[in-house]
Amino acid sequence: MFQIIFLLSLFLSISNASVQDFCVADLKGSDTPSGFPCKPATTVTAEDFAYSGLIEEANVTNIINAAVTPAFVGQFPGLNGLGLSAARLDLGPAGVIPLHSHPGASELLIVTQGHITAGFVSSANTVYIKTLKRGELMVFPQGLLHFQATAGKRKAVAFPVFSSANPGLQILDFALFASNFSTPLIAKTTFLDPVLIKKLKSVLGGSG
Amino acid sequence: MFQIIFLLSLFLSISNASVQDFCVADLKGSDTPSGFPCKPATTVTAEDFAYSGLIEEANVTNIINAAVTPAFVGQFPGLNGLGLSAARLDLGPAGVIPLHSHPGASELLIVTQGHITAGFVSSANTVYIKTLKRGELMVFPQGLLHFQATAGKRKAVAFPVFSSANPGLQILDFALFASNFSTPLIAKTTFLDPVLIKKLKSVLGGSG
Amino acid sequence: MFQIIFLLSLFLSISNASVQDFCVADLKGSDTPSGFPCKPATTVTAEDFAYSGLIEEANVTNIINAAVTPAFVGQFPGLNGLGLSAARLDLGPAGVIPLHSHPGASELLIVTQGHITAGFVSSANTVYIKTLKRGELMVFPQGLLHFQATAGKRKAVAFPVFSSANPGLQILDFALFASNFSTPLIAKTTFLDPVLIKKLKSVLGGSG
Amino acid sequence: MFQIIFLLSLFLSISNASVQDFCVADLKGSDTPSGFPCKPATTVTAEDFAYSGLIEEANVTNIINAAVTPAFVGQFPGLNGLGLSAARLDLGPAGVIPLHSHPGASELLIVTQGHITAGFVSSANTVYIKTLKRGELMVFPQGLLHFQATAGKRKAVAFPVFSSANPGLQILDFALFASNFSTPLIAKTTFLDPVLIKKLKSVLGGSG
Amino acid sequence: MFQIIFLLSLFLSISNASVQDFCVADLKGSDTPSGFPCKPATTVTAEDFAYSGLIEEANVTNIINAAVTPAFVGQFPGLNGLGLSAARLDLGPAGVIPLHSHPGASELLIVTQGHITAGFVSSANTVYIKTLKRGELMVFPQGLLHFQATAGKRKAVAFPVFSSANPGLQILDFALFASNFSTPLIAKTTFLDPVLIKKLKSVLGGSG
Amino acid sequence: MFQIIFLLSLFLSISNASVQDFCVADLKGSDTPSGFPCKPATTVTAEDFAYSGLIEEANVTNIINAAVTPAFVGQFPGLNGLGLSAARLDLGPAGVIPLHSHPGASELLIVTQGHITAGFVSSANTVYIKTLKRGELMVFPQGLLHFQATAGKRKAVAFPVFSSANPGLQILDFALFASNFSTPLIAKTTFLDPVLIKKLKSVLGGSG
């Protein structure tokens, strides 16, 4: 055995200490534009590359009869630097994931249960909509407004995946009505009626 | 002179034919994910690197008392592949560039006349707003909803620049109310009132 | 209606002709390092952004009791330039996707049925292995050898997704034994026994 | 209000703590190849996204009758990771920004006052020169030598923007004559006369 | 001299403190997906940009009659963030660098002594092989299995360079037979004979 | 054999037609920002991945006693899209590669014969110089002015490699004195003496 190690060290004069094929996030370190600092390779185990947080069906007893459970780098540190992340969509009957965008990633949706109507709007104001069934895919180009909604009466499940470990998620209604965006400014920049804005803020928790 | 050329060819055995430091777009060619094919270097002149389309003040006698004049790769082919583009904002008194996002770029705004109130909303539903005067800058991270509006009573001018030659531009009101996005689907995915949606569609030209 | 269009053209002096948020592949055009040329935006429909080729369970009556069905840009042109693709793995009882790598992408595996044992080997010759159940994820960093195999006696299904529209797929056994890689060179560069190499070539169809 | 928060948390099981759409530089942290570490999102305010350092006309009573005022990541930390920065050029009568290059970025120049003659030299030793007026743009591809000079007798102002938050700035005369580059080596690698080199060093402060 | 500095500071109001054209690795800092944090610019010297570790011919008295000496970022911190690294291959008579891949980089091989037969296998299972002499180059696209072997009876030397400061190196035999990859799993995922696997593990030091 | 193909097609339902791990340049096609279009994979052979143009020592009987022989994508199409290229430097006694920069790439220099003094100047006007011997490396960060010169009395050879298939090459003296850059403008933007400029133009072939 001693001889083998000796042979190896002769053959390949490389210090493994600084060789990493991956960069599991140390979430306690400061984020950078390319992602989090890496955990020391010596502390990385197989557990770092797997994630169990999307197994369970989420509770959809809420205002949208739907839920989004993310597996972004904040939840699944093994994704750091690898340009990929995922989420789980649970859609009850009449469920809807409201109009939203991912500022930092394109999305590829994989439907695994039920039927889902999904669509996006392009910069040219064209709407692309499809109703998808189990096993079908749909892609939403980066940064564009899109939605998913239950088609039919049964619940549906899908796994969206993203071209970034940290895709971001801007939900239109939350940006407008669950924020401190002032009602006059929203009215001015969207042409929506202030009365309506205030009403939606009261439902979604916005101020201003 | 003959000798010089001889010396140069001895010194540097490089065929200039395939050496390009730039790639002025041939807009008649097919776009690719990295941009348009390049014009032959031999046909490129200084004109290709300059653009005069933002000199004139745009007419702001319209519904928003404002105008956006782009200098993207489609208008200014010299930008192709260089990761930069620009536009001109003209804001009349009470003018507003409604809530919008650029799916493919961050934006840096340079105010050159008047006062402008600008802001964006983050994925965490935080609103960042500033009133800017001549010479001030504001940056809007990629893909997030943002707006610009005249502050004060005088007209304002600004030059936004973008981190892509083709940043895209999705205007929220146009995506919703100047498209063929069906009213029931908009209502379902935004919680907006169908009556309001139809009213805004009638103003902005939407169908469905 | 005329007035609306007039207002829009006043407001936004942009030629939509060259604005694309996406670049659906024209597979008849020549590929480039960034992907295929784009179909004209005017011919793009919602169909271009959806894909149905992964719906069906693949036949696994073969040597590995398993099948890989890709949805790369060659099959799903809407992915072009978006940095994402997918595939479907069908694993029969005792099925195995043999050791392989994706030269151009990291992989995120989503298990949707059954149990799968999966693993990869790092540059430091460490093996990271996990047994995953329905709803669990595992990530395989770019370019590293990895495998998936049925765990338990029931069939399994998973959807791997990739950080490129064209991730590539190099299957170790095929690279060695289904190619024209000469037996002496394989023996020399892998230390495998020539007799064994020839036997595996006869099974997998290799020459040389 | 309690109910709203409850609904939101049901709907979107995401920890905002690690979600950032931006990465405002913590300039006290160590720079990385992708930029500085991010300030904690909780301490970020609208002030971080705006910059006032380019408002004032710079003093041009100097050797070049001109001044460059940068708004790079070191001055404007909100630009970190966003692939954009800017500067202000003040050019007095007969002012000139001497031949220089930006090693890490392309430049797009926006003229906002007066007339400016600008140009760059390509790898093929072709010179592209234009005289620009207020509102005109010119682009300088990455890494190439270029200059700006006042055209006409009145002062001029322009805002160059860059395709990186940290574009770098190598001024030819400073590289040669304000550095410790030894006179014999400069002479050897540029064919310039040592007497001239020493004279320019005495003006610009070089040593060696 | 005082006046010069005054003139410079008037001319160019830039703080050099945060301006770096390079990012020499501080290997004691935590790696990130884009590389290591930068050493302070004030401590960087010419030594940081040069490397002497590839001067010496390596000992090739080992199992493969060959040696790989890397100059990756871990050995040569000046490469950090610059997208380049190198190594030295010493090949004795009958030497071979066994089948391997670089998960994070393409490779360009420069032969500087002797003759080398090199080749790679593509995803389409095509083998591309060339015998190279002194001064010849060969490129191995990212992530694909490739090898180098002495051609002829004399020793050979080559310098491979890589498109990343940290290209990784996965040697097939080491991944399989010098790791803790269990014999039954290797057999299952490669179709290799368990007896052979155990034999190779005993030579190369693998366990499991 | 028929059965094998049948098994393979069952196992892996992938069309190889659009799968490429590489993109050998079709130099007759139009360049794009990411490189040239790809040759059809079916016409690619091992020859495409090798290059013999750097074998021969170049003639250095010229004004600089040196020669640069490039192996960029224009000469070596197999490099297209792979982020790497190379060149050969031949330096006679007293040879010098004059001050130059590569606008699109960092450079790593490998000395293979003789002694070379090399250096670069940073944006902070610091000069980093080293004298290198056979087997030593030096890195020149992207876009910065640098030079190489023979050290000692014997000829030297080196292979610079670049982080782009098309790094560009801007030689300072050629940009100024072998171009049509007008003498008054050069004088204005460099502070060089017009008489000297004209003298150097007469040697190097410049006009204007």
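Note that the chains take the letters A, B, C, D, E and F in the order they are written out, and that residue 1 is the start of every chain.
Operating definition for what follows: contacts are C-beta pairs under 8 Å (C-beta built on N, C-alpha and C of every residue); 3 or more make two chains touch, one makes a residue touch a chain.
Model, not experiment: these values are computed from the prediction.
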Problem set entry | Neighbouring chains common to subunit B and subunit C, by label | A, F
Exercise. How would you label the subunit D and subunit E contact, same or different, if same means the shared numbers make up over half of all numbers there?
Worked result: different
Exercise. Where the centre means the average of the CA atoms, what chain is farthest from subunit D?
Worked result: C
Exercise. In angstrom, rounded to a whole number, how far apart do the mean CA points of subunit A and subunit F lie?
Worked result: 42
Exercise. Can you give the whole-Å distance between the Cα centres of subunit B and subunit F?
Worked result: 35
Seminar exercise, completed: Distance in whole angstrom between the CA centres of subunit C and subunit E is 26
Seminar exercise, completed: Multi-chain touching residues of subunit E, meaning two or more other chains, are 19, 21, 29, 32-34, 103-104, 119, 122-123, 129, 141-144, 168-171, 174, 178, 203
Problem set entry | Contacting chain pairs - touch in the sense defined above | A-B, A-C, A-D, A-E, B-C, B-D, B-F, C-E, C-F, D-E, D-F, E-F
For this session: Show which residues of subunit B lie in contact with subunit F when the two form their complex.
Result: 1, 4-5, 7-8, 10-15, 17-21, 23, 26, 29, 32-38, 80-81
Exercise. Once bound in the complex, which stretches of subunit D touch subunit B?
Worked result: 16, 19, 21-22, 41, 45-47, 49-52, 54-56, 71, 76, 78-79, 82-86, 88, 106-108, 110, 112, 119-120, 122-124, 128-130, 132-144, 159, 161-163
For this session: Within their complex, state which residues of subunit E touch subunit A.
Result: 27, 29-34, 58-59, 61-64, 66-70, 72-75, 103-104, 166, 168-171, 174, 178, 203-205
For this session: Report the residues of subunit D in contact with subunit F in the complex, numbered from low to high.
Result: 96-99, 101-104, 117, 119, 121-123, 125-127, 129, 141-145, 147, 149, 168-181, 185, 188-193, 196, 200, 203, 208
